[in-house]
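Presented below is the structure to which this report refers.
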Amino acid sequence: MLEQKPSLIHRCQLKTNEQVTGTWHCLKLHAPDLCGARPGQFVHVRVGASSDPLLRRPFSIHHVVAEKNEIWLLVRSVGAGTELLLQARPGAVLDLLGPLGNGFPVVDEAAPALLAGGGIGLAPLYYLAWLRRQAGLPFELLIGAASCSDLPADDYFAAQDLHPLYATEDGSHGYRGLITGLLEQRLREGTPPARIHACGPLPMLAGVVELGRRFAVPTHVSLESHLACGVGACLGCAFPFKKGGQIEYRRICKEGPVFNGEEVCFEI
Amino acid sequence: MLEQKPSLIHRCQLKTNEQVTGTWHCLKLHAPDLCGARPGQFVHVRVGASSDPLLRRPFSIHHVVAEKNEIWLLVRSVGAGTELLLQARPGAVLDLLGPLGNGFPVVDEAAPALLAGGGIGLAPLYYLAWLRRQAGLPFELLIGAASCSDLPADDYFAAQDLHPLYATEDGSHGYRGLITGLLEQRLREGTPPARIHACGPLPMLAGVVELGRRFAVPTHVSLESHLACGVGACLGCAFPFKKGGQIEYRRICKEGPVFNGEEVCFEI
Amino acid sequence: MRSDPRLSLNLAGIKMANPLIAASGCYGYGFDYTGFVDPAEWGAIVVKGTTLKPRAGNPPPRIVETPAGMLNAIGLQNPGVEYFLEEIQPRLAGLGCPVLVNIAGETLEEYCQIASLLDGVPGVSGLEVNISCPNVRRGGISFGCDPDVVEDLVSRVREAYRGPLVVKLSLEAGNITAVARAAERAGADALSLINTLKGMVIDVGRRRPVLANITGGLSGPALRPIAVRAVWETAEAVSVPLIGMGGIRTASDALEFIMAGATAVAVGTANFVNPLSVREITAGLLRYLEQNGIAHYSALIGAARNER
Amino acid sequence: MRSDPRLSLNLAGIKMANPLIAASGCYGYGFDYTGFVDPAEWGAIVVKGTTLKPRAGNPPPRIVETPAGMLNAIGLQNPGVEYFLEEIQPRLAGLGCPVLVNIAGETLEEYCQIASLLDGVPGVSGLEVNISCPNVRRGGISFGCDPDVVEDLVSRVREAYRGPLVVKLSLEAGNITAVARAAERAGADALSLINTLKGMVIDVGRRRPVLANITGGLSGPALRPIAVRAVWETAEAVSVPLIGMGGIRTASDALEFIMAGATAVAVGTANFVNPLSVREITAGLLRYLEQNGIAHYSALIGAARNER
């Protein structure tokens, strides 16, 4: 018999489900067993009891409030699964697997870090930033969106003593343009960071890795894909990586979701 | 082009959803267009937006409160569809087709009527009884269940000035035994009724028809089956009937759900 | 909306206002849904499978729900072609859209007899030959599996019927493209696919099949990915137009079939769930055309193939 | 619970504590779910399809959800039989339940080579020969469709491997009972059915198939009625034990397959939804036995057939 590890399946009561902006909601869950999750890890959530939608949906650990036994998920409604999930009301019990995945590899390094979140990709970086703030470690949180109306209000961040730099494509808040533009500006002008942590759409991540290469800063990117099992069993989430001139598939749910940006094969 | 009739599809707001007993709930809906429904007709209700469960679920018109633009459904939770429906909260908008089916053929005849409802089969008879009460026409409402705890409390009926005779298998309320036993007693002892209207499980209905035949009282029975379309298009709800020594299939949703008891072929 | 020129088509000689067809067996003779939508909102309606002699159909239960689908074992209940000609055909013109008659036989001869009885009948815009009904025990299924038998059958029906001839395929055969090619060779003007797939549900409490007929045909969204694939493969194999069906509920579902290569699409089970399906899908198609600056939906036929 | 004698069985020589099997490709090598349940709760585990040479698998996206189901196009990603023997096989004993290796080849010879490499290997309780994987373009699908080819293939694998031999069938062939009989004649000890059915989803926004591989295999509840029917028909055709699968989520689902004639059942996709499936299904089976006063689950095998 194999050694019994603590179970990774949890039934967690929803404490609050509040709109943060537009289609984004913040779900706060009573989840004592998940408070040890590392930033960048995720939970795999059952969104309904029926067979349609069938599969679970993955969401990053957005924040942990250990003293309240609370984890937060930041959920953007994009389809049937997220819509159903966002109908859950306080008191409802959600079925979660987690914490899953590897998380950001280097969290408490004293050297400065840049955290770049594109759209909902800011979800895992929020907690990473908060941990660094708590530990008194230097970081800058960069956040990008089409417009500031697509982002949580400033006080959503200020409440945790986080003060992001903004990039909006319409210039409605902060830098006008893509977050990679802001990142480039920052890399060109500010103190060189020890590493960049990024999460967001694939083209953004490709841009971040390119910038990291150009400025010789290591990058860690959190990838997304449809997941089936979420635990490494089905090979459904494979993504191509470069390994010694060859292509190798790695599982986003298991070897990731955070990967060394240099190794990701963005040209698929 | 065909003559345009008033549409049979309605979006109705749920006003209240209250437990009546055990797994039975009464749903009150704002449904001005359905207030003309006859007793024994039904509505075909969409229970969820997903493809599982896929089909609508039929429910009898349980009551109409025309001055409030209100119809009532009495819903017993037996499976995935009814469970989902009973999760709907006041304010939710339900999608209903109706009124569908034929309803009880003779509602306002002055001669006395016996109305026999087995279990949730009392749903359509409640409204029929109420209409007769309003019109000052004689009737007796007989209700059967395994135990009185499976039935709504007396005041659920008394509130509409209805005072059923009960048959419970465990004798916890009224006659001890099956509703057909009570009906037989009643037919033997009371004033002969002009007809019997019945709704309930198939074996009960077979018994009712048998009694009707024995006591020479016409019977009208409301049949159930899984429905797909509910409007006569798919032939999925066919039930066998005797016609001139031959078997003929009729559609429960269209030619029924209420049929002349004599013609129903119970031996399937 | 229903006569928007951006959706009109000529399918094998049948002029249709839009590519939406009410699937056989799911819309009666077109009159059951008049309380919901004008039948003329459809591009065409295919009526219930019609046989030479009246058929009583199967005993109940005839339907059972399954995850994202349903099984039916109606057993081709229908009043027969003579009754159809006498009682139903005269009313069809009132529907305001082309009507196709779905036919099924138990022998080759029966198919031909029905076809000739329907030949030239006003109000009947074409035939859909069901070579694949999974609920008729004799004949039916066996016809549809063997390309040679299909070629023979369709050739003979082709001789008996001069109007537009659609042949309806199932996947049970395992070699749908071979059967499709056979039907094309034999003179089919269009192909419909797919018919339901044979399935069953067991009532574990009573330890017996739910359906009196034991098995029934699976329809509904559960079937959709299989049906889209069948259209994709068949579009590669033949050049006659295809009518795609299987689990279409929304405009997006319909577009999947069109982009896979279907010229028209049929909607069956979804009508039971939403009688306004035809209206909502038509509106959704037009919205897609607008949003993507496309002048006519036909530009999308096979679009998912063209890009490769 | 997992060693309850009311659920034990001997399947083609493999002693199993219960009739629940983790389906190939859905449970890795048995180690990925140890954070949820003890692998020994399974009657047996079938590991991911193994090929002679390592296979990188298909590019992403490899999966897409469908109504009550999902498509996968993993493309048999696996490290190859040599790696399996060196790195994985030594760890299998730790799982605490019988392990079968699912094998797939591109040629008859490959099947035989893998089979002989696995012959007599400790920790491998049997082979499941996948003659039906819909995602391998060469070979795969064609093997599984022709009864003669299947008979030849299975006979030769039978010679190369002396342990319990399970042959896994798909429905794509259209003639599953003929293929089943061929496999039985050739010496299969048991049959697994069904594998996934080929389907596709089109991204209508991008106007191309969602999966990089274009098509993928449909699994999950959507498939269940078709799979139950396949077991029902196959049970009539052969006398070797059947392993039924396709969309099993609950004890009631498992009972459908058993009552249709399956001796054991495999659970694939449901693990993704609920990693505790094995535990809950086992408990549900025992509850059914209790409620119905049945001493051993085997009394239910084919029970829905017996009553007719």
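Residue numbering begins at 1 within each chain, and the chains themselves are lettered A, B, C and D in the order written.
The definition used in the following text is that a contact is a pair of C-beta atoms (placed from the backbone, for glycine too) under 8 Å apart; a residue touches a chain by one contact, two chains touch by 3 or more.
Computed from a prediction, not measured in an experiment: that's the story for all the values here.
Chains that count as touching both subunit B and subunit D, per the definition above, are A, C. Put simply, the chain farthest from subunit C by mean CA position is A. Chain pair with the larger contact count among A-C and A-D is A-D, by C-beta pairs in contact. If you average the Cα atoms of subunit C and of subunit D, the two centres end up 34 Å apart.
Our note on geometry: subunit A versus subunit C, Cα centroid distance of 47 Å, whole angstroms. Separating the centre of subunit A from that of subunit B, both taken as means of CA atoms, is a distance of 53 Å. For the pair subunit A and subunit D, the distance between C-alpha centroids works out to 35 Å.
Residue positions 67-69, 220-222 of subunit C are each in touch with at least two other chains.
Counting only residues that touch two or more partner chains, subunit B has 51-53.
If the chains shown are joined wherever they touch, the resulting network links each chain directly to all the rest. Interface of subunit C with subunit D (complex): residues 66-69, 71, 145, 172-175, 197-202, 204, 207-209, 214-215, 218, 220-226, 228-229, 232, 247, 252, 255-256, 259-260, 288, 300, 303-304, 307-308. Of all residues in subunit D, those touching subunit B in their complex are 67-68, 221. On the side of subunit A, the complex with subunit D involves touching residues 1-2, 4-9, 46, 51-56, 95, 97, 225-226, 228-240, 247-249, 254, 268. Per the touch definition, subunit C reaches subunit B in the complex via residues 25-28, 31-36, 38-40, 48, 56-57, 59-65, 67-70, 72, 74, 77, 94-96, 212, 220-222, 249, 269, 271-276. Listed in rising order, the residues of subunit A touching subunit B in the complex are 48, 50-53, 80, 84.
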